[in-house]
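After this come two complexes, each holding chain A, first together with chain B and then together with chain C.
The block that comes next holds the complex of A and B.
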């Protein structure tokens, strides 16, 4: 990147100037809007960050509780209960759905979980441990809730981060590159136009000068001619044409062979 | 026959009874449990256990120890003890010892059936089975392609055949909920075991019938409590209760119509031996019920060792070992998950 921004290479005409001005206005408005968008996104970003921190803390707690509930189950119902539960499963009954949310123009993904299908495992641990199994199930469902929420928060965090970076990049680009370039171009065009004008003016003045001199010359020669004419008239009145007199004299100056003396 | 066992028992089973009593002396005591509860990491636990009978099984484990490894190795020790006793036993002690493991066999069979239904890999299923419940033909169960074959295979190959034929026909295997199937099988097993003990007579019959009645009653209470609010109908519930025990038959009638825990408590309090269990719980709470049951069971099992010349000591030893392994698992998990404050919630001291 060059230190000072360049200007655009354009033909410096008046229409171009109008176009450049329009673009500058557009750029200024765009800059203001994007700055507002960036501020809104940053506010959202901070909020999400706070929520992430608190959710992560609670997730640690909840995972601890649910693993402990699992231990209680293993204690009461024997170690093999987890195998029998695992083998009895065909589909997941807790599933996650994603949808889009629109925040300040940015599309953020959001996850939510839903239960599908009845679970057949209601009677697990019928002879012993049933209570603990149900409690463990509830604990893990809560854990999944928290995890899903954390997942959506983290994805929105990342997406927002990207969006903020892009917006800020655009703001900075407008501020530091596009607008100065346009301004420089406008200045250049104006300068060129001024120069053209000055050139024209100069040319005009010069031509005026020439014309004036030409006219003066004409006037001078006309005057001289007029003088000569009047002199001729006067001499004719006196019987000699000055000019012919002059011619005689001058002819006499030439040696004519026919003439003896 | 009372009294004459002292004459002939030692001929066939004296050696094994001595072995069992030796093993019983090796069970962890309250002091051991206190030490274990003070441990900070799993390696500490391993160090403490190396001073007990589990030492040789744990010493070869590499250092980042996992709680499941501890449990596996301790179970391995139990299986070794059991196998040693089984080889040395003669009839009818060998049949008795086999009966003790039918419970685990039922769990394994049900596991494989479920797994095959959902098309899981055979080898994985076999690895997940409990070692005490393995039998030779268990692998053939997994070969079955559908329920009809499974039924045929199960009837032919397993020692559990009579329980299947008694209670389930081949159509039932398809629809029936796995848990109901498991519990029906277990009920048949308990009743069979009870009859067998009665046939043995003498001190064995007396002690075992006491222990088995407690088991049947405890199962009845658990089934009742766990089926409150589910789709299990009252008739189905009644079908799962065994036909012996303190609750039979009037208690079962009352339990079948119970709809919440306080009603169950009311039924149980009519039977004096079980009053003490519920007195430990406050109203409406059922979490500690399982622990209370375990404590009661341990008390009765220890009493079995007070008499000589009967087979009940073997049953008691196996159950006490299982309880000890449960305690170890609980302590290791609490230590590993940093929940040492909850350790004493569920450890049942045996001595």
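The block that comes next holds the complex of A and C.
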């Protein structure tokens, strides 16, 4: 993968370096927090999984009981009771209320059932099997209780599943994309700044060298000038110009080869 | 958050049912049945004459209705429209597969339980059920 070579497209300046470092700190902190959140959610998730399995099991049991209660009702009150039940449906007296539960910033729905008003078919089975009808109703209300619990568990399961996936995706993105990219950018900026510094240093050295040489030259020429001047003074005192003395010397050097000194 | 469905915080919601006559009768006795002004019910009785199309329509209607929080569906009915049940993955309304009287409950078919099993290690699910 191109993870190593990836970096943000920035101008390598000290300000940018500071900004990048701040972003890296932020990313690291965010990563740690998200990791914690993911862990918390996973713990919750495991609990819910366990509960779902056990509730599903008890649901089977309860549905069996309530079916049996219904069969009793049918036996006692006759098969026609279901028609009177089906006909008597008007408004739901048993309803569901949903609340929100907050787990590590994830809103989980929680259902709870409640009865509203009186049950309409109180007179059902008045002629025959009233007790069985009441028992059957109680059994089914119990079943509803379990089912509602199961529903909230299941909904939490789906929501948490989604939330964990999202959180893990973010954790991984921060860990594997954002952080390396920021680190690479910081390395790049540092290298670039070092390069600039070296360049600057070299340039300064070079300039210093030039200046030194210029000063030396000046000093040398000043010395020469002073020497020449002093030589001139001496020659003027002796009545010979320094140039003629020069000529004399060079002429002498050329003419007489016998002269050794 | 973007991908997540909003959880409605309503004070009251209904429980819808798609099941055989006996199961529906039982739950109606408990008082979950509701008939609105247009004579629309929150339950569907599935018998031998009910078409798969009708079940599909009812399922779609119940899952899109605003006032329904939980949809109870008999497992054998859910098996008829398995593709719909499996592709449905919104948190609200919650789909619950319930056993019916003459069809024993098979946990392997449950779309949620199969996911649970997939996530859990198999032995812990088995030990949890036994």
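One rule holds in what follows: the second predicted complex is superposed on the first by the 209 of 261 C-alpha atoms of A that agree within 3 Å, B and C clash if a C-alpha of one lies under 4 Å from a C-alpha of the other, contacts with A are read in each partner's own complex, and residues count from 1 in each chain.
Convention: a residue touches a chain if its C-beta (ideal position, glycine included) is under 8 Å from a C-beta of that chain, and two chains touch if they have at least 3 such contacts.
Computed from a predicted structure; not experimentally measured.
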Practice task
For A:216, decide between first (touching chain B), second (touching chain C), both and neither.
Solution key: neither
Output check: A:130 vs chain B and chain C. Expected answer is one of first, second, both, neither. What do you get?
first
Looking at A:89, would you say it contacts chain B, chain C, both, or neither? Reply first, second, both or neither.
both
Winner on chain A touched-residue count between chain B and chain C: chain C
Original post:
Regarding the shared-chain residue A:66, is it in contact with chain B (first), chain C (second), both, or neither?
Top reply: second
Have a look at where A:39 lands relative to chain B and chain C in the superposition and call it first, second, both or neither.
neither
Which partner does A:227 contact after superposing on A: first (chain B), second (chain C), both, neither?
neither
Dual-contact residues of chain A, meaning touching chain B and chain C, are 64, 67, 71, 89-90, 120, 124
Within the complex, chain A is touched by chain B residues 68, 71, 107, 110-111, 114-115, 118, 120, 125, 128-130, 177-180, 182-183, 186, 218-219, 222-223, 225-227, 230-232, 240, 286-287, 289-290, 293, 326, 329-330, 333-334, 337-339, 342, 346
Counting only contacts in the complex, chain A reaches chain B at residues 64, 67-68, 71-72, 74-76, 78-80, 83-84, 87-90, 120, 122-132, 135
Per the touch rule above, chain A residues touching chain C in the complex are 49-50, 52-54, 56-57, 59-60, 63-64, 66-67, 69-71, 82, 85-86, 89-100, 107, 109, 111, 113-116, 119-121, 124, 133, 136-137, 139-141, 143-144, 147-148, 150-152, 154-155, 157-159, 161-163, 166
Residue set of chain C touching chain A in the complex reads 1, 3-4, 7-15, 21-35, 41-42, 45, 69-70, 72, 89-92, 94-96, 98-99, 101, 105, 107, 110, 112-113, 115-116, 119-120, 125, 128-129
